[in-house]
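Each of the next two complexes has subunit A plus one other chain: subunit B in the first, subunit C in the second.
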Partner chain A sequence: MNYKAVIIGGSAGSFQVVTRILNSLPKDFPLPIMLCLHRLKHVRSGFVEALSLKSSIPVEEPFDKDSMKPGKAYLAPANYHMYVELANRIALSTEDTVNHSRPSIDLSFITAANAYRDKLIGIILSGANKDGALGLKKVRDNGGVAIVQDPNECEVKTMTQSALQLTSVDYVYTTDQIINYLQKLR
Partner chain B sequence: MAELGIVDIREIIGVIKNVYQYDFSQHALTSFKQRLERLMRIQAIGSADGLIKKLKEDQGYFDTFLHEMSVPSTEMFRDPSLWRWLREEYFPQNIDKSPGKYKIWLPACTSGGELYSLAIVLAELGLIDKVQIIATYMSEKSLELIRSGVYDLKKIEVSQENYKRFNGTRDLPVYYKPGKDNVIRDTSLIESVEFRKVNLNFDNMPQNVKLILFRNTLIYYNPTRQETVLQYMYRALSVSGHLVLGIREKISGLLSARDFEFMNEAESVYRKKI
Partner chain C sequence: MMVSDQDYQLFLYALKNSSKYDFSEYSEKSLKRRILKVLTDHSLTMTALISKIKNDTAFVEKMVKEITVNTTELFRDPQVWQTIRHTILPRFKNNSVINIWHAGCSTGQEVYSMLIMLSELGMLEKARVYATDINTDVMDAARLGEYKYRFNLAYLDNFDKVIKENPYNYEEYNDVPYDKYFTLDKANDTIKMLPFLREKPVFKKHDLVTENNTLYVKFDLILCRNVIIYFNYNLQCKVFDLFHQSLYDTGCLIMGMHETILGAPAAKFQKKGHAYFKN
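Entry: the complex of A and B
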């Protein structure tokens, strides 16, 4: 296996896509998946339960300094940024919002790119602001794989288009193609 | 703006340890790096060497450094359900029973979001005269800003939403006045608060504390320092004293877990075990 982690960022219109991806993964998916999705600050519960309903792998909201394990998905908790810390651990932060967002997709992607370098797969999905563009650039600059959901398929195109404007990417994929790509990781 | 490498960060930490005897080597690296880069950006310091020079040559700068390195609380009344629980259950059940003043400690009081929220809850309950609040932090400048009432305008909107969810008895704007590009909070709320400067080891910490509000600071430490600091908290607490941590902070993986038990798991409130 050439990779150590997958990180997915999304906002408006990404929930269905993430659900489809999680539902289609093999149970023994070989990598941890970090999910940084914009969400309401004050709603603490419900989101992880909704994502878990049909997911083939466990989805959890991590506590600070939890270790990431292959075959598990980690959803950034409400009103925290989610970073990658040394030794595969998650670190949470209450730093200021970035692009009006906490969790910030940029910060999650940048810290993951610093930790995993060319062993990271970063995916930007549908969304309504430019958060994630800078982060995906960092993934790409550090030699990781940069994937953007096909804007034509996105419910809201702003996030994917901002990413495509800022950085070159490896693939522009539909949801089906993203699923196909992830299923082939062995 | 250049990014800091691990070697740069280790060097900066080394200089601070040598010159000021503050050891940041057990802080969580990712957050610490990010905070350093932010500080260098806003103070237009172009390189690690530039920062190191400043730290070595200007001792007066260190307090500003500590101020800028602290992560301010995100907003007032963060997690409104905790504040509702404090108002409806915790304070009424605990403060009245307590002989003498009920001692409450905020160990890392960085921007006063927690402090003013606490003071408002207690004022609305009519219990503010029955408590003794001690607010500590490493930087004189941080404490001075809190005393002056100045607060970030950006945080007011979310704070107001939180206050509504908390079902406060008034409107949040009665507690502050608009300033130029900030707001000025009503400092009469914190008139009786005792402010103390402490170092990284909480050298000057209070004793016999009934309640410690320490939310979202452990996240900036590595597990070794989390353990150390939890032991400071343990020592500061009175028998069966209470400790509030952030919602996504947990101690179950640490040795200190044996010293605390849940009082309210949903809101991350612990009780010191006897």
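Entry: the complex of A and C
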């Protein structure tokens, strides 16, 4: 295994995609998965339960300084930024919103890219703003794998198109191809 | 743009040696981001920043205020406040005095949340409320008790959930008018806490990193929410020790929704719902 973690960012239109991905992973998926997904301001709870329903791996909203384990998904809690510290630890922050977002996908991706460098797989999904583009560039610049959901398949294309405008990527994949790629990680 | 590890160490060293502040055990990722913000906002290079830290004490005070994170809300995470109202405060109902410490109170929204709740429970009279922060500017704002209304529409929703509704009894509804506690000025876009609330708390500058309990009081309740996430593990342990020593045996600590006690200090507390009781 060449990788240490997967990070997925998404906004409007990404919930179904994330659900399908989590549903299709093997129970013994070998990496931790970080999920940084925007949600509506008033939807502060229930999100993790909704994602857990169909997921084949456990999904949790981490506590500050929790260490990440393979085969688990960590969802950025509502109203916190989620960073990756060295040694697989998660750090949370209530700093101001970045590009009107908290959690900020850029911040999660940038800190993950710094912690895991070329051992990180970053995936940007459907969304209605440009958050995540800078973060995916950082993943790519640090030698990690950059994947973007095929904009033609996205419910809202803005986020994936912004990423593609800002950085070269390794793959532009449909949801099925993303799932196939992740299933092959051994 | 990034703050390199070397620059980061030089920054910490300069601050520790030329001021009373020590950020060396702050959580690295967010501190680096805050440093970067200071550099950008003041158009400074790292070399220039470090030289200012060594020579300009007024700048250091200003910078510390800019570096610390001050996000807070009225009744942030209503479910936590519902727990405080219905299961935690009632424990102290028969005390002749209840001592409460808001550690890292920022602009004071949580202090007022507590005061409003104490008032609703008829416990305001016997409460002694202390609020501390490292940043005196935010405490000035807390004393003023005036907040932007439009950006905080959730405040009123939260107020309704915690003060008017009862999650344990859906039939109960307390129609408490907002103006019992604050005035809403829509023209000027502000919420202003009433004087009887503003006059209640004791505000005092306090640095959790370098100071012991300088309030010289023991507490029934300590609220320290979304503060320790900015500290590393060592510093967290130290702060938990301070809180443990500062609590009465029946006292409890309440932290942010996604904060927890890890490692050795965990044995000193027992977690019940959203609260950590002293063991």
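Keep in mind that, in the parts below, the second predicted complex is superposed on the first by the 183 of 186 C-alpha atoms of A that agree within 3 Å, B and C clash if a C-alpha of one lies under 4 Å from a C-alpha of the other, contacts with A are read in each partner's own complex, and residues count from 1 in each chain.
The rule is simple: contacts are C-beta pairs under 8 Å (C-beta built on N, C-alpha and C of every residue); 3 or more make two chains touch, one makes a residue touch a chain.
Please read all numbers here as calculations on a predicted model, not as lab measurements.
Annotation: superposed three-chain arrangement on subunit A; subunit B versus subunit C shows a clash.
Contact with neither subunit B nor subunit C is seen for A:49 once the two complexes are overlaid on the shared chain. When the two structures are aligned on the shared chain, A:77 is found in touch with subunit B and with subunit C.
By the touch criterion stated above, A:62 is placed in contact with subunit B and with subunit C alike.
Touched by subunit B in one complex and by subunit C in the other are residues 41-42, 44, 61-65, 77, 80, 83-85, 91-96, 107, 111, 114 of subunit A.
On the subunit C side of its complex with subunit A, the touching residues are 2, 27-30, 33-34, 69, 71, 77, 79, 154, 157, 226, 228-230, 233, 236, 256-260, 262. Here subunit B touches subunit A in the complex through residues 28-31, 34-35, 71-74, 78-80, 158, 161-162, 165, 216, 218-220, 222-223, 226, 246-250, 253, going by the rule given at the top.
Partner subunit B is touched in their complex by these residues of subunit A: 41-42, 44, 61-65, 77, 79-80, 83-86, 91-96, 102, 107, 111, 114. Those residues of subunit A whose C-beta lies close enough to touch subunit C in the complex are 41-42, 44-45, 61-66, 77, 80-81, 83-85, 91-96, 107, 111, 114.
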